[in-house]
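By letter and in written order, the chains are A, B, C, D, E and F; residue numbering begins at 1 in each of them.
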Amino acid sequence: MALTTPMKKISIILERVLKDDIIDLIKKNGAKGWTLTEVNGEGSRGMRASEFEGRNFQIDTIVNAECADRILQQLSASYFSHWSLVVYLSDIQILRAEKYQ
Amino acid sequence: MDALTQQLISPVVLCFLLGAVSRLIRSDLALPEAVYSGLSIYLLFAIGLKGGVALSQTSFTEFYRPALGTILIGVVTPFIAFYAVRYAGKLSKEDSAAVAAHYGSVSVVTFLASVEAAKRLGLESESYLSALVALLEIPGIVIALLFARSSNKNSWSKALHEVVTGKSIVLLAGGMLIGALCGKQKVSELDPLFVGCFKGALCLFMIELGIVASKRLRDAARAGFRLITLGFLLPPILGAFGVAVGLFCGLSVGGAMVLGSMSASASYIAAPAAVRIALPEANPAYYLTLALGITFPFNIALGIPLYAKISHYLAIWL
Amino acid sequence: MALTTPMKKISIILERVLKDDIIDLIKKNGAKGWTLTEVNGEGSRGMRASEFEGRNFQIDTIVNAECADRILQQLSASYFSHWSLVVYLSDIQILRAEKYQ
Amino acid sequence: MDALTQQLISPVVLCFLLGAVSRLIRSDLALPEAVYSGLSIYLLFAIGLKGGVALSQTSFTEFYRPALGTILIGVVTPFIAFYAVRYAGKLSKEDSAAVAAHYGSVSVVTFLASVEAAKRLGLESESYLSALVALLEIPGIVIALLFARSSNKNSWSKALHEVVTGKSIVLLAGGMLIGALCGKQKVSELDPLFVGCFKGALCLFMIELGIVASKRLRDAARAGFRLITLGFLLPPILGAFGVAVGLFCGLSVGGAMVLGSMSASASYIAAPAAVRIALPEANPAYYLTLALGITFPFNIALGIPLYAKISHYLAIWL
Amino acid sequence: MALTTPMKKISIILERVLKDDIIDLIKKNGAKGWTLTEVNGEGSRGMRASEFEGRNFQIDTIVNAECADRILQQLSASYFSHWSLVVYLSDIQILRAEKYQ
Amino acid sequence: MDALTQQLISPVVLCFLLGAVSRLIRSDLALPEAVYSGLSIYLLFAIGLKGGVALSQTSFTEFYRPALGTILIGVVTPFIAFYAVRYAGKLSKEDSAAVAAHYGSVSVVTFLASVEAAKRLGLESESYLSALVALLEIPGIVIALLFARSSNKNSWSKALHEVVTGKSIVLLAGGMLIGALCGKQKVSELDPLFVGCFKGALCLFMIELGIVASKRLRDAARAGFRLITLGFLLPPILGAFGVAVGLFCGLSVGGAMVLGSMSASASYIAAPAAVRIALPEANPAYYLTLALGITFPFNIALGIPLYAKISHYLAIWL
């Protein structure tokens, strides 16, 4: 069997303007990498400031459980009052886990 | 009212209408994001270049008064907009500041439509006016944000950075510098693309703006009656003020009409991004609907010929 | 620990022409939002009508378990005879779960 | 056959070939989706504008007969295509209707290539022909879909909505209206982009079409021998019919040749989307391979000069 | 309840130049389809050859457990010495599972 | 040094600077990927077309010597680059081969800037030179990859396929063929887009290249002092060699200057993709930083006027 290790994937859906900040935040809290996808969407707010400026972003970052917890707490503390980020965790099994911790 | 029909039956305005209608009938027509963004880069840079070449042929004595007048507009109009929206429109401090930032700044496309309209009406407008667009982009936003000076200094300085280094300023100012440094002759090699194709490209851009404005208009109901009324009243007030300043600074009738249109217009490129950063609490439903859903089409269709009339009468009167 | 709640993520891969219908369907069945990504791909059919018209879409929607079940049933009933949608569920842990139900 | 080499050695056809060959050698050459889609918007709008300006200079008496003829083509050709594919091609009712919808409609690029070819052959073609393109886009699709009238009324009305509000119709009809309202002089400001750059843009578009057609051609095997044969036989039949109608309605030799090309061509912009909605059971392998993999290159390379010859001889004969 | 079957989703983040090879590899090892998304990102290497040429790709493929194991082993064997692929597995529940095996 | 200021104060160079500066001040300015890629397709195809038309007007006796000279440059320059980087730069065999592949090939934009500069300096350059660009794209990469001939034959043949069928070669060669087959008159219909708009499009492209180069420059520190020095020394050496070869083959002073610029330039379109496939162990930090961060801006700003001077003096001397 191929050797996989359980890790967490954090997915964050954010507005364009927050990109640099959020990447800073996850890196400071121990993420070793991230993957960004351009997305569209609809949620609690019908209207988004960034709609006219282009799409939103989804950032996925693969981290271990402690790091995931730290990032989630930081995100809640810093952004949840003014911004309506969508943040969720999934369980994954990764190859070469040493790269991500 | 000849100016009005002249204005309405022009490719630029009709393309805007085409976009708006296509949205109403739920067509799938839409410029791809990349093309829209590429077009906006092209338009901004072309305006900058043109302004730069014009500046290189303008003496300082001719230029400094309109420049000062433009800065005056940049300082005064956000005040008017802020207090109108705050007290007549009954919005929160943050929302009012956000709206003021949009009206304090300038809509590049309204500027272009106004230059076009002036030409069609047989009025000459000073060619260095595009240099004033770059000048008017910044102060309005900065002053407006001051109204809601949040405790969060960090986000404030980021918003300022966003405006100053935003692509609209960089392209306008960069194009201007390149135009001024290279001069008319060297720049003329670029004319087939940046001058010849300009109006056609503007038409395509207008189709997309029509689509977006029409989306916004649907949200207008949510913005409330008071606010919609303001979206119609602010442009004539700010426009008349701009025209008066322009004539006062020695601009021609056409030039004052264009400056009036700039003053009356609300930015929807530089301002929204800056506002989103500095004032995340402000509700986009207010400022985007006003700027893009109401004021922009109003100016394109009715405002511009109105400022032409105002400029005409004020010029006689002054 | 950051407060997360277990929810379901439904992922649907669909042709461009179905977009509005599918979004209607998931909203009618209780989804509070969705995120759309443009994707390419290959599956049981070698050829897609939409290939020439551009990419396919992937729609992700985060819902609770009952809602997920409802959406899956509706999708099966309405589309599986004529269209070859790809539909799958993942388990996620979300912050601010109240937004999604 | 001079018309043939003239046709083959032209930038437009060679660009198509370049795309096809680049696909065969597995090059990574491809227009980005956004650019391809932007170009198609540009081309459709430019055609519409041109048609509109031409209409504003055409009298009703000159226009109504070719317009009626075009509608006739839109009604008759889907019938021919449907029965040919259903009985000679042995496809299911749904698949036959889907194919008929494509042949009943028109390929805008084939139309353009034909106008080019007419010019190169020294034949004038009526400039209001582009207005006929918009006219021919709709009836064919509608009639074809009637053949497979599904019980599902909902999807049917949606398909109709898709055709009528699809971007090709909106841009063609919108451009036409704008062109007709503004007239030649105002539209001429847009000429550097919409007329000057048109042929070059068409060449870039053709490269991408070559790539896509070449992909489709690989699937031709799956479509089966009978169907491939039909892909070669239908265009001359429909083309000859279109030429005859054109001459009958008083079009010039060049105009009839262009109308013939329109009749012989199969849409691959409006039709596929509508068909996918109204007839999801129909297999894209059939209709796309026929329209894009076989009939389109056939028309571009051989069909157009053939319709020129037919028009030439029929004109003498009639 | 809608009838779902547990399957594996393999997600692979790769450079543009590897696309055709990786798709070949997963198909040879039993994948019946794949979905490709264009992504950006940052990882262990600061700099990517493909940055200038455009984005990276993420390929997701839904397979059963044995097939997943085979693909993971092949990927490790063929690419991990020279390329720094990111590869991970998630558990999903799919409708119409017969399409994917 | 008049050639230098002439070179620096030109739209093309200033646009590059604008891009670089906008990156330094962390502006969000960037061409969308699709637009950038669309522009590169346009530029390559336009160069090919122009070269093809020129070839159709050039006799074989005039052309074969510069063509042989170009192949000589393609063979010799990767050797110079490889040994310089391997022994003076102390890189591994794989890294040196990767760098050599870039210098052995040609930067299309440097070529264009050099043609521009020649014109501005009043020097005519042979119009068939763009045909030589396609010729120089391939051998350099192939030879360089031979230095690190990996045991993995498969990846090697794929790399070769990547170069030969890469979009730059396909567009250059395809454009050339089309230009040569159609001849000046037929191609002239495409001139408004492919000739008229060319310089403007190049300017927009330059803005993006400035942004990318400026990103690369930040990585220069990592590449180390020795390597940075080589990035400045290699271009003049390769450039002087190219100029000499050009004059020897009978090119004009301007033509030799352009051939020198081609020789001195490092590819960043065809080479990186091929290298990534054939030599995945090679570190992009080295080859991209050298090619795009150092050599490209050096050539654009200082190299081109230098090769003009060299060509001038050598021409007298020879």
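Methods note: contacts are C-beta pairs under 8 Å (C-beta built on N, C-alpha and C of every residue); 3 or more make two chains touch, one makes a residue touch a chain.
Source: prediction; values computed, not measured.
Asks: Any chains in contact with both chain D and chain E?
Replies: C, F
Asks: Kindly list the shared contact partners of chain C and chain D, in label order.
Replies: none
Asks: Among the chains, which is located farthest from chain F on the basis of C-alpha centroids?
Replies: Centroid comparison gives C as the farthest chain from chain F.
Asks: How would you label the chain A and chain E contact, same or different, if same means the shared numbers make up over half of all numbers there?
Replies: different
Asks: Please work out the Cα centroid separation of chain D and chain F, and write it as a whole number of Å.
Replies: A distance of 41 Å separates the two centres.
Asks: Distance-wise, how many Å sit between the C-alpha centres of chain A and chain B, to the nearest whole number?
Replies: 36
Asks: Distance between chain B and chain E based on Cα centroids, please, to the nearest Å.
Replies: Inter-chain centre distance comes to 47 Å.
Asks: Please list all residues of chain E that touch 2 or more other chains.
Replies: Residues 37-38, 90-91.
Asks: What are the residue numbers in chain D that touch two or more other chains?
Replies: 32-35, 37, 162, 192, 196-197
Asks: Once you've mapped the touching chain pairs, tell me: line, ring, star, complete or other?
Replies: Looks like something else, not a line, ring, star or complete graph.
Asks: Per the touch rule above, enumerate the chain pairs that touch, sorted by label.
Replies: Listed by label, chains in contact pair as A-B, A-C, A-E, B-D, B-F, C-D, C-E, D-F, E-F.
Asks: Taking the touch rule as given, give the residues of chain B at its contact with chain D in the complex, in rising order.
Replies: 9-11, 14-15, 18, 21-22, 25-35, 192, 196-197, 199-201, 203-204, 207
Asks: Which residues, counting only chain B, touch chain F once they are in their complex?
Replies: Within the complex, chain B touches chain F at residues 32-35, 37-38, 41-42, 45, 161-162, 165-167, 170-171, 174, 177-178, 181-182, 186-187, 189-194, 196-197.
Asks: For the complex, give me every residue of chain B touching chain A.
Replies: Touch list, chain B to chain A: 33, 37, 162, 212, 219, 268, 272-273, 275-277, 280-281, 284-285, 288, 292.
Asks: For the complex, which residues does chain E have touching chain C?
Replies: Within the complex, chain E contacts chain C at residues 1-2, 4, 7, 9, 23, 32-38, 62, 90-96, 99.
Asks: Within the complex, which stretch of chain C touches chain D?
Replies: 15, 17, 46-50, 52-55, 82-83
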